[in-house]
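Both complexes below contain chain A, partnered by chain B and then by chain C.
And now, the complex of A and B:
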């Protein structure tokens, strides 16, 4: 049963992923990407990683909704009204992608993976096998707040740096544009007059 | 379900994302290709955690790092798209070739 679900989700994830670059509307591409993410998160849930699987699903639903707005902003072919070629170097990209897949698949199929654990580790029996903690989410939380605290610190710092950088990059006119490099210019150098006292 | 099946899924997702990365012109579509590729890494890391070392949470930490990389990539990508669109009216990778060798 779980294998069937896995296979359906795997085929669905890859098919939706291919559809992202095949549909002619970028809004549809966003929804196809969302479908691909949800299909790909289902196998993660099957592995017993309920927290990380749900995290991927929830994050991706929100991210794709935000992405849809950006898609509309930067759409190349709005509503299919302006048919145009959205790809460059298509043939070579296809060749490289297929070659990489064949290479990775060969590595997957011909590497002697540790088979004993794979047999024992059917979902639901991880606790019975006694090899994993009772709750993977609890184990993850304890690990992040303990031995892997550095990872959490770096992630937090990187996210904070991202917030600052994103605001700086996307601000149209900051205070240095308005008040000069020493912030002393009065009145502010605005393209349109207006506001209080002007 | 075996480790091989999971890794094949991951490889397929990565390859599809790579195709998008290489072939798309729009910066936003390139970002979508990047997301697909990172998603393949998430699946692979989760599978490795389960089949190779489910006794320790290290694999899960790797998944968490990949998810963070995904979020950061998306936010920075959109900010850069906005910045370059504002400065030059460019939304295609072909037009932003200042660093081409």
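And now, the complex of A and C:
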């Protein structure tokens, strides 16, 4: 049964991935990519990692829907009313795709995976590595908040700094536009007023 | 994971269907009262409306993307029904997943995809405006909503919905609404948000000719409206195990209390929908990110401290 579900999801993920470059509408391409991601999340659920699997589905739906809006905004032919070529820079993309695939496949083959049922979970253990945990969600939480806390905090800071920097770089309005040359104007002069009048 | 017998799955969906019908009927009754017509006929209005939509033809716009639009209209009620799977209606839910709270969140976010597909697929600018409004509104309510869900999970130390309800039923424990009132209010607001109901009904706004549903007719419209009422019902039903003690209460059995509490929350949500004017999404975004988000983070911090100190 698990093998059947895995096969359906594996074939489905690849097929939806191919569909991204076959359809001629940006909306369909984005939703095909979303379908591919959801098919890829199902094997994570099959591994018993229900928290991570559901999280992948949750985050992918949210981010692909936001991406759909941006994809439609940036396309010259957003509605897909005229047939549109969805591929470009073919040679380089092929090289990158093959290189990434080889890298990931090598990672799959050479990583020392935990042996699963060989060792029982140790209660109160702070790391999931090398053990099959009784509750993978708890093991994940202990791992992130224990030995890998510093890494996660640094990654979180880096991501947050990137987001702030990108917003600052992309907006053409600064505080002098909002609050006037002496920064005294209240409420701020915004093209779109918020609910608090800040 | 406890699995329920097949008849209880059908019974559960039937109960939720009736609750959603009751919400639609209550809304119709309030409409009738506001316009001064007899409210009694409103009780059968959702049924008559269903029959009318069932025999009506689909409307087709030129250049539409029927595949996406129909996937969207089907996905909305499906997402609502799937989110119901983890909500306990008695002692157990249909499928009491260990990550039930995350499952509920993921299914309710599928509404984003569904409404956008409907709005885009009908190839109407009103539809697309409504669909994009829903996404903008979603970005505003989703983060406080997630913190509200997580706060309840932290209070119980579990992501399993029945565990969260069970903790509140123990002696010496108050309902979570007492410990986390801000999270409860934010959850109710976001329930209105993901069902695009009342103050958050802008995606289907009247001033944009019905928004995402502008071009829908017949079975498509029926599915979208049914999905919306089911989502509202699911939101009301989820508030009960998360914040209102689940089946805890005197005299009545667990399922009786759950139904009663769900009905009350649902009635309050429908009532708010008729009493509160629509909020523009850009205004709500600022309120959400500058007030609700810090509030829910502080709420989560407070509950975490309560748990560490042993007060709950």
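The rule we apply is simple: the second predicted complex is superposed on the first by the 126 of 198 C-alpha atoms of A that agree within 3 Å, B and C clash if a C-alpha of one lies under 4 Å from a C-alpha of the other, contacts with A are read in each partner's own complex, and residues count from 1 in each chain.
As a working rule, a contact is a pair of C-beta atoms (placed from the backbone, for glycine too) under 8 Å apart; a residue touches a chain by one contact, two chains touch by 3 or more.
As the structure is a prediction and not an experimental result, all values here were calculated from the model.
When the two complexes are overlaid on their common chain A, residue A:143 makes contact with chain B while staying clear of chain C. Residue contacts after overlaying the shared chain place A:188 against neither chain B nor chain C.
Within the superposed three-chain model, A:65 lies in touch with chain C and out of touch with chain B [touch as defined at top].
By the touch criterion defined above, A:159 reaches chain B but does not reach chain C.
In the superposed model, A:135 lies in contact with chain C only, and not with chain B.
Comparing chain C and chain B on the residues of chain A they touch gives the larger count to B. Legend: residue contacts after superposition of the two complexes on their common chain; A:27 is shown touching chain C, with no touch to chain B. Within the superposed three-chain model, A:44 lies in touch with chain B and out of touch with chain C [touch as defined at top].
Look at A:54: by the touch rule set out above, it reaches chain C but stays clear of chain B. Contacts of chain A with chain B, set against its contacts with chain C after fitting on chain A, overlap at residues 55. Of all residues in chain A, those touching chain C in their complex are 25, 27-28, 31, 34, 50-51, 54-55, 57-58, 61-62, 64-66, 68-69, 72, 79-81, 135, 137, 192-196, 198. The residues of chain B lying in touch with chain A in their complex are 1-9, 11-20, 22-29, 32-33, 35-36, 39, 42-43, 46-47, 49-52, 54-58, 60-61, 63-65, 67-68, 70-72, 74-76, 78-83, 85-86, 91-92, 94. Those residues of chain C that touch chain A in the complex are listed here as 63, 65, 67-68, 97-99, 102-103, 105-106, 109-110, 112-113, 116-117, 120-121, 123, 132, 135, 138-139, 142, 159, 279-280, 282-287, 290-291.
On chain A, the positions that touch chain B within their shared complex are 2-3, 6-7, 10, 13-14, 17-18, 20-21, 26, 29-30, 33, 36-37, 40, 43-44, 46-49, 52, 55-56, 59, 63, 67, 70-71, 74, 76, 85-90, 92-94, 96-98, 100-101, 104-105, 108-109, 113-114, 117-118, 121-123, 126, 131-133, 136, 139-140, 142-144, 148, 151, 155, 158-159, 162-163, 165-166, 169-170, 172.
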